[in-house]
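Two complexes, one shared chain (subunit A), two partners (subunit B, subunit C).
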Partner chain A sequence: MPPKQTKGEYIETDTGNKVSRKSVILGSQNIILGGKTIIQADCTIRGDLRRTVAPSQQSGNVAIAVGRYCFLSRSSVLRPPGRTHQKPVPTYVSPRPPVVQGADQPLLCRTFSYCPMKIGDHVFVGEGSVVEAALIGSYVHIAKDCVIGKFAIIKDCVRIEEGTVIAPNTVIPSFSLVSGRPGVVTDELPETAQEGLECRLPNYLIYNIIYMIAGVQTLTIGVVKNIYRMI
Partner chain B sequence: MPPKPRPSEAVAKPPTVLASTVVIAETASLTGTFPIKIGANTVIHPRAKLASAHGPITIGEHCIICERTQICPPDAEGLIIGDGVVVEVNSVVEGSVVGAGSVVEVGLNCKLGPLTKVLEGEVVEDNTVIFGSGQRRIDASGTADARRRLLERHIESLRVLIPSNPSKFIN
Partner chain C sequence: MSPTKPGAPAAPEEDPDESEEEETFDPRAPRSNFSLFPLENLLYCEDCKQIRCPRCVHDEIVCFFCPNCLFEVPSSTVKTDGNRCTRNCFSCPICFASLVVAPTGGGQAGPYILLCNHCLWSSAEMGIEFEKPTSIAAQLAEKLKPPALAKVTSGSFTSPLSPLSASSEGYFPSMGAPTIITPDDEEDKRELSPEERFIKLKAHYAQQKTGAGADEYGGSPGALSRLMGLYSGLGSGSRSRSFGRGIGGFSNMGGKGKLEWAEWDAVKEIGDDGEELVEKIREAGFSRTTSKEQRIAQNHQPRFIQDLKPLAALLRTKRSKRCRACRHILVKPESKPTTIRFRIKLVAMNYIPALSISRLDPTAFNYAALTPLSTHQFLLTITNPLFDPINVTLATPAKTPGSYPSTVTILCPTFEVGANTDVWDEALQTTANPPTTAIKKGRKTGMLIGTVWDLGRNWTTVVIEIVPPLLPLPGELDEDGNELATEDDRLVQVPVSVRVVYETDLERDDGGLGKEAKEKREHTYWSVLGLGRISEKMPTTATEDAAGPSAARPMSLASIAGKGVTGRGGAVEEISGSKVNRHSVR
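After this line comes the complex of A and B, so read on.
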């Protein structure tokens, strides 16, 4: 009988994602994690809410794409936004979906469909936050208990303060500090904001660790690579 | 080795009345002792919690109960959710009557914004919108019918996406 595997709280994937066993991940085949992403307990990711209209060639059936070095805290929720689409009735669909014809509108079909959600690198999502954004750029810090409305677009380097509610369809520009209900841009972040928003250890700390370990053992390229993989 | 029985399965199932067109995810949790009634075309997302420990729950037609919601009636009089109600992610419903088309006693066609709270015993009139940090206004746009049509389309698409397993909850 093989030795019993020790069960930690986290499962680590090949690309270094750490996913808690207690997280709720639905439709995992529609979720892409970039690597080095940490998903804590009780975090809910709704990959099952995928497109129901014909998927485009590029994105396929992906519902949620998360970049590298993201951190999803306890009890946070990621769910793709959905809306009714208006598009010309495809002739090959059978049976035909409900058709709405206005006075000045061409023949349209209206169907509800979820849209894929894209999250960049170094995105932190705080405890209990609900994210239904369409797009979140890189270096975005979402504090705890926030609600990001449907189809919101958040650009790079944004800090969202605790308890903020961002209205649906809002666009938040880069380098902004957002707070309040509804969330508005209250301040600008300095140009150096990116360093403070990184979810990875800063480079100088990595070098410190490498030098620390180098004191105990001879430093080979393999050792340095291992350290980088750990971090 | 068979999987260990989960503690939630040991809890007695409440008597449930589910309409035949209900979409209920397998990981939704229905607990308690009082009856739970769910109307036609209602969607219960995975991990929604309906706890009837203190009173019966009645949910109308064309409702959407999202994940991580908690629906717990406060007393034996029970909790009634009308037709066409959407309970969004992370909501807690402990009120007594929720009117049709809306999302404590809440009237018809109301909308409660994210993170808003309605206090105990409060009555929210028809067509009220509660938003921000407790501001209220009356929605006079008359878009209730349009919203209802959108909701029905939403439910149609969820019917495709959420694998339903009502047999687990029928006893």
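After this line comes the complex of A and C, so read on.
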């Protein structure tokens, strides 16, 4: 089935992703969206920042993998993290980069390369947040105006409060509430965190949104308002 | 949260005929802070048929793990090495972000330092570099080991208790008591750091243990060595002190011993000569002294930033929870640190209906500025998580508790909420015989008393009306100089007593098919609805809620009063129908 050709703001893909026409998506061949993911206007997704490989290995290189039922709010940024690596000098590089010669080490060079970013299911990214994490698990809520530092690892069931700045290389374990600058774990989430952080709407809610004129019913998460705007 | 205010015009009215147990729940009472919980935090005991709040469960540790490297730590290691990660996991002493091991040499070569990626503090600032990037904790412990250790081990061992036990006044030089300390002892005491003193004491006790046995310490030699291990794992005395608020669940262990050490440290620092200290602070300036948070996170409670040491990561736990009354397990997580699955999870969300609030007028998004003295209509939705239809009775006081009561009316206090059946059942039913159209709904007929507004598969919506009072403006003071209306008074919090009655199939242990066996169950609990905030504006302004959708802030705070929760299997009703009517339908 070809993608629906609608005149609206959003392009819908076969797997049900809704991508705003006003979003900036670079290197889309390196981005995987799991399905039912919503990308709002002014989002930036840097799929072009991928691992440096030989030109022959063009295929099968994913820069950003996003799971199902994710929600990227307006003006959020997904950017794969990068750092300098030490590698054996590749043969294809024509101007040879500065070489570090160890005592009995192979010929090494320092190259800057990006690491693929993996995002699980039911991840909400708030307005204006910048995400440079290496891994984000499932059921993660990132509120607005957050910065997730390079190579951060966020496990499942984590809530990050508004304005948090998570330092690079930080690991956040499951069932954590994170806030502050730098972001540190301030509390533990209850056992019901998974249900509370789910981005898929409960069925009665969808029913309400479609058939009711009157108001938003319940707001476990700030999604409903945005969806309301979309419909 | 101030329940009574001096000079407030109206005291919360008390119904004289109400008995103590049936008193309206007051969300502003100081005690309510301890009995109100969000629905997500509540558990449910299937054996007691009661809601269990975090205060009425009993925690049991399933596993310890490091929150940074996510390795599981066996409890035996926790007992011997203490409540900290023994790998490379440290947090910054300045900003508490996690530290990384960074090479300082060319390429990836050493020496290595611990570097904070947030504030750029590094262990080089305290003059510590590491030869190899692994087992940093052991290397750090080695480097922080005081030079006096060599002295101790090389044989110049004097009784470590001599400076301590010479005279008890020696502890408290600031008290000005005449102390008789020999010059040797005095000198000895001055030069010893807490670590050195600890090592000496440890050696002393080890000697005592081998010599005289452990009888005089009130325990077996095994217990003593365990205690010693607890203190000597990586740092010194108070290393298992917790600064992560309440996550460890292990922080109270050995509390008494730690307290003594901390007290001793504090006394020693005061004894460090106040004038000397003031002089040091004057030299360093306030910018180089430690903040309260930085100071209490450290073992030795340093006053200056230069004395801060990297903090080994505190371990976290996964815990199972038991009902305090019947000891049945309510929550049991899987023991692997990284998994989020639970073997048992009995949460109240799956047993008691959820309450949520929205404005009747969908264009009025603003909950933060309710116009005083005008009627505001809200939709109160009750969602049923059970597989049986429930009968709900809502009761609320006509006036909310507090100095400035709002008038509350629930238009339809008694109604039924459908069962939480399969979504497809409804879809199939809707095509054949739509059940919702059969019932008169307020949405179609207009707002009528005793009519629900709308209903669906497992939810019912009723209209709740409030009339907020006119509050004194902020800044208006009474004769005592106190503000007449605080910010708390502006919040509309409505206590609602929710009574749920339903019939369910009797649990059958034998797995028989006795379909006729039905059991009547009942839950009654207080729930507090946060409806919004009363505006400062006078009611004369015609455009109500002019702030628009940009200020939308859902205030669906449906908290459950754990205190008032009662679950009775078919017991006598507590809230009579007449009372409900008196309270809510007028």
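Quick notes
Keep in mind that, in the parts below, the second predicted complex is superposed on the first by the 172 of 231 C-alpha atoms of A that agree within 3 Å, B and C clash if a C-alpha of one lies under 4 Å from a C-alpha of the other, contacts with A are read in each partner's own complex, and residues count from 1 in each chain.
The working rule: a residue touches a chain if its C-beta (ideal position, glycine included) is under 8 Å from a C-beta of that chain, and two chains touch if they have at least 3 such contacts.
This one's a predicted model, so the numbers in the text were calculated from it and none came from an experiment.
When both complexes are overlaid on chain A, the residue A:L26 reaches subunit B alone and has no touch with subunit C.
By the touch criterion stated above, A:D48 is placed in contact with subunit B alone, subunit C being left untouched.
Considering which of subunit B and subunit C touches more of subunit A, the answer is C. When the shared chain is aligned, subunit C comes close enough to touch A:E191, but subunit B does not. Look at A:P182: by the touch rule set out above, it reaches both subunit B and subunit C. Applying the stated contact rule after C-alpha superposition, one finds that A:T84 touches subunit B and leaves subunit C untouched. Of the two partner chains, subunit B is the only one touched by A:V130; subunit C is not.
The residues of subunit A shared by its contacts with subunit B and with subunit C are 110, 149, 165, 181-182. By the touch criterion stated above, subunit A contacts subunit B in their complex at residues 24, 26, 44, 46, 48-50, 52, 75, 77, 79, 82, 84, 98, 110-114, 128, 130, 145, 147, 149, 163, 165, 181-182. Subunit A meets subunit C in the complex at residues 86, 100, 102, 108, 110, 139, 149, 155-157, 165, 167-176, 181-188, 190-196, 203-204, 207-208, 212-219, 222, 225.
Note for the complex: subunit C touches subunit A at residues 40-41, 43, 65, 67-70, 91-92, 95-98, 100, 106-109, 116-119, 244-247, 316, 331, 333, 337-340, 342, 345, 347, 349, 354, 356, 358-362, 379, 381, 383, 423, 443, 453-454, 456-459, 461, 552, 554, 556. Touching subunit A in their complex are the following residues of subunit B: 27, 46-47, 67-68, 89-90, 113-115, 131-133, 150, 153-154, 156-157, 160-162.
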